[in-house]
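There are two complexes below, and they share chain A, which is joined by chain B in the first and by chain C in the second.
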Partner chain A sequence: MSRAAKALAIPAALLVAAEIAIRLSGTTSLAVAPPSSVVMALLAALGDGTMLAATRDTLACAFGGLIVGGAIGLVLGLLFGLVRPLDRLMELTVEAIRPIPSVALIPIGMLSLGFGYGFEIAIVAFACVWTMLIMTRAAIAGIEPRLLEVSRALRLSTHQRIFKIVIPAALPRIIVALRLAAGFALVVAVTVEIAANPQGLGYGILIAQQSLSPQLMLAYLLWIGLVGYGLNVLLSLAQQRLLGRAAMVEVRQ
Partner chain B sequence: MNGRRFLWLTGGFLVAAGFVWFWQWIADHRLISPVFLPGPDRAWAALVKGMVDGDLTEKLFATIRRMIYGWLLASLVGIALGAAIGTSKVLREYLAPMFEFLRPLPASAIIPVAIALLGLSDPMALAVIAFGSLWPVLLATIHGFSAVEPRLYEVGRALRLSRPAVIFKIALPSASPDILAGMRLGLTVALILSVVCEMLAGRDGLGNWILLSARAFRAPDLYAGVILLGVLGYVSSVAIAAVEHRLLIWRDRAR
Partner chain C sequence: MGRADLHGLAGQNACAAGPTAIEFQNVDLSYSGKPILADLSLAVGKGEIVCIIGPSGCGKTTALRVAGGLVQPGSGSVTVGGKPITGPRRDVAIVFQDYGKALLPWRTAAGNVSLALEAAGTPVRERKDRIHVLLEKVGLHGHADKYPTEMSGGMQQRLQIARCLAQEPSVLLMDEPFGALDAMTRQTLQDETLSIVAETGATVFFVTHDLEEAIYLGDRVIGLLPNPGRIGTIARVDLPRPRNQLETREMPEFLRLRRTLFDFIEKAEG
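Now for the complex of A and B:
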């Protein structure tokens, strides 16, 4: 059996078993629906545009947060990585704020920003800052010391050293950090929508559950899974295309 | 060296104190409305009052219990399943792709499904937390078990060890760094999901406390809850790092 067939065998068997069990039992459960009607619900929701609009809202917030948080994290990470005394002075402050779970900020955001894009983007950004900051700092700390010796031997200026040596050398790891942060961003965006913000995919799945429509709820779940998987595949492809063999850096968190 | 370290720590402390002072200054000058941002003095007073009254303490322990139970359940299931899958090439080929699909799924997305199945109950919260923190542990365990040096398995065969003996004497110790890393990630996920479940299902705990405080515009209580959650996140990560260090001390010695 080929690898693809092996990979699909168990999920397919589970789906068929679920289909038969649910059809035969004639259940009117509000939590489960036969896979075939889930797929029909998914196609219907995609067809009438509601799910695509929800996807757009969620992705807009996820990427908005990623850009804002990623940029802040990148700048701080570069700064802390390059200026060691600053890093050591800020360490305590960073370690005091970083462990706050991003979802704990949801009520603060609700109170001060109100529902909407800004609120969600702010929370996603908070979640992305730390991944970028920590991994960028580590990327700079992990630069081959001989490269820095070369820059000294060539008498490069600080500006040249940063742009010609430090950033190119740290880039592969920074891109890995960006990829991880993008995965986080989607998770946090969906979580914020489920917990509070009335828009996007997370709100869609919650409303489907509350309107007692299990096939639509599971269709949303399937779609969120597909979006997450698709994003992941796209990002790893982009990483390989952008960096080639340099993409083979180990990921350490 | 120690003196210099102390100096840096003092410096870091002063910087942090500076930020708190800045926060107080903003609050005192009402640059941001006190409805949204109470000063650190008021947040601290709310925190102390909540702790003394026992209100906040109770919520804190409810959240800790929820987090730990879900995480322990996830760790047990994750390590057992991961050991079975990681040591068997057949199972890996059949199951690993499915896991790769499920891994990027936001764990919070199954909360509505769990609510439909189990209602707004504590078992629902436990199931969601366990499901969410299962993935990091499970995938790390599978990776740890499949990355065991093949020669160690050959040694096991040469010694005619049984499969359980191979797992407990060779694979588990060798995979433990990966497993512990997965468990550390799982603990973070467990805390986040505990807070989300408490918010959505109205179960007693810090998540519910901060949501209700925000709705009632009791900003100092809200910030007290957020500070406690930050402390909880910090303490749990320090605790698991200490456990990790203790358990893996043999590895540093071997080097």
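Now for the complex of A and C:
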């Protein structure tokens, strides 16, 4: 038996067992559905376009928030990493705001921004800022001191030092931060949709639950898992493609 | 073994004949109250190769860092080419021991040499030829597109030397540059360094813990004493140049110097 077949054997057996058990028991539970009807529901929702529209909304908000929050976090992280006095000055402020769970801002966001993309993007952005900020700052602090000494010895200008030494040296870790933040972005986007915002995959799963349709609810769950997995694979590929040598350095470290 | 007259030199001006390239004048330096260098005065002549030896903690690397402008002395001054050192200068190049950390892993060999040219503001169209010449000079022709991680230790150190030569330095500060290399590579690089220096006429301040390397390379070998770092001995090396790994190392004068310096180190450590 090949490795792939071995790896798939247990999940496949469990799915078959679930199918048989649910069919035989004749359960009327609203939390479970036979795997075959989940797949049928998924295909139907994909076919009529509702699932794809919901995916578009969720990804638009997740990426929008990731771009806005990631950019703010990156710039602040670079600033704090490069200008130590500024880092100390801002430390209390950052540490006071950072622990606020992003989803706790949903009520305020709803009141001030109303439903829709802006509100959801703002909450996702808040969640992404801190991951990027903290990890970018740490990436800069972790740069090999000898490299900075080389930049002094060669008399690189501040501009050259930042763009030729600091950013390339910190880049592998910044990319890891971006991948982590992307994971958070999807989680927070779906959470905001379940809790408040009437759009996207989170809202879809909520409506399926409320319309007593467990197969559709589970189909959404399965789809969100696939989207998350796809996103991670995509970012991982992008990391290798874009960075090449720098990504390999990170692996060696 | 003439130990008395060796120690008589401690604290005195160690002058070189001819024009001076590097001059330490009464340099004192301490880190958080602990004296590292005490009243260090030393002159290195233009084109001279001076090797610094001494037990660990004698401040030999610190002295090199002061000369490179990476550290400011507490009192006293260091001048290079007659001008006081207030920070790193382009005419003073530093070869670090840990070549693996001193090279940019995301740049190829050519890219690493290019960094020094970019810093100096060399026009883009001139860089390619300069890089080619520099890599050829250190025996890395044909390796321009390799990344440091694809190179052996000896090749990486050659690359760092090429980057330093790109600064067109009048002074080369070398901090145990071959300490991490195997014996054969070390000897090859010693000879290559000597021929490069002979070609460029650069002054060399060479820190090492290898006595034989110090004698083999140097015009003078200066032994430092620890706690605080100060000059303990100065040995003039009157061995003919060009030097030869076999013949030079078998000469009676080489062996005599090795014995003298070995005794010095043993006493300094004890």
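Convention: the second predicted complex is superposed on the first by the 245 of 253 C-alpha atoms of A that agree within 3 Å, B and C clash if a C-alpha of one lies under 4 Å from a C-alpha of the other, contacts with A are read in each partner's own complex, and residues count from 1 in each chain.
As a working rule, a residue touches a chain if its C-beta (ideal position, glycine included) is under 8 Å from a C-beta of that chain, and two chains touch if they have at least 3 such contacts.
Nothing here was measured: the structure is a model prediction, and the numbers come from that model.
Shared-chain residue A:Glu144: touches chain C; no touch with chain B.
Using the contact criterion defined above for the overlaid structures, shared-chain residue A:Ala60 touches neither chain B nor chain C, since it reaches no partner. Contacts of A:Met40 after superposition: neither chain B nor chain C is touched.
In the superposed model, A:Tyr229 lies in contact with chain B only, and not with chain C.
Contact with neither chain B nor chain C is seen for A:Leu79 once the two complexes are overlaid on the shared chain.
Of the two partner chains placed by superposition, only chain C is touched by A:Arg152; chain B is not. In the superposed three-chain model, the partner touching more residues of chain A is B, compared with the other of chain B and chain C. Touching of chain A by both chain B and chain C, each in its own complex, is seen for no residue at all. Residues 8-9, 11-13, 15-16, 19, 32, 35-37, 93-98, 100-102, 104-113, 115-117, 185, 188, 191-192, 195-196, 199-200, 206-207, 210-211, 213-215, 217, 219, 222-223, 225-226, 229-234, 237 of chain B are the ones that touch chain A when the two sit in their complex. For chain C in complex with chain A, the touching residues are 68, 70, 87-90, 93-94, 96, 98, 101-102, 104-106, 115-116, 118-119, 147, 149, 163, 167.
On chain A, the positions that touch chain B within their shared complex are 3, 6-11, 30-32, 88-93, 95-97, 99-108, 110-112, 183, 186-187, 190-191, 194-196, 201-202, 205-206, 208-210, 214, 217-218, 220-221, 224-225, 228-229, 231-232, 253. Of all residues in chain A, those touching chain C in their complex are 144, 146-147, 149-150, 152-157, 160, 164-165, 168-169, 171, 245-246, 248-249, 252.
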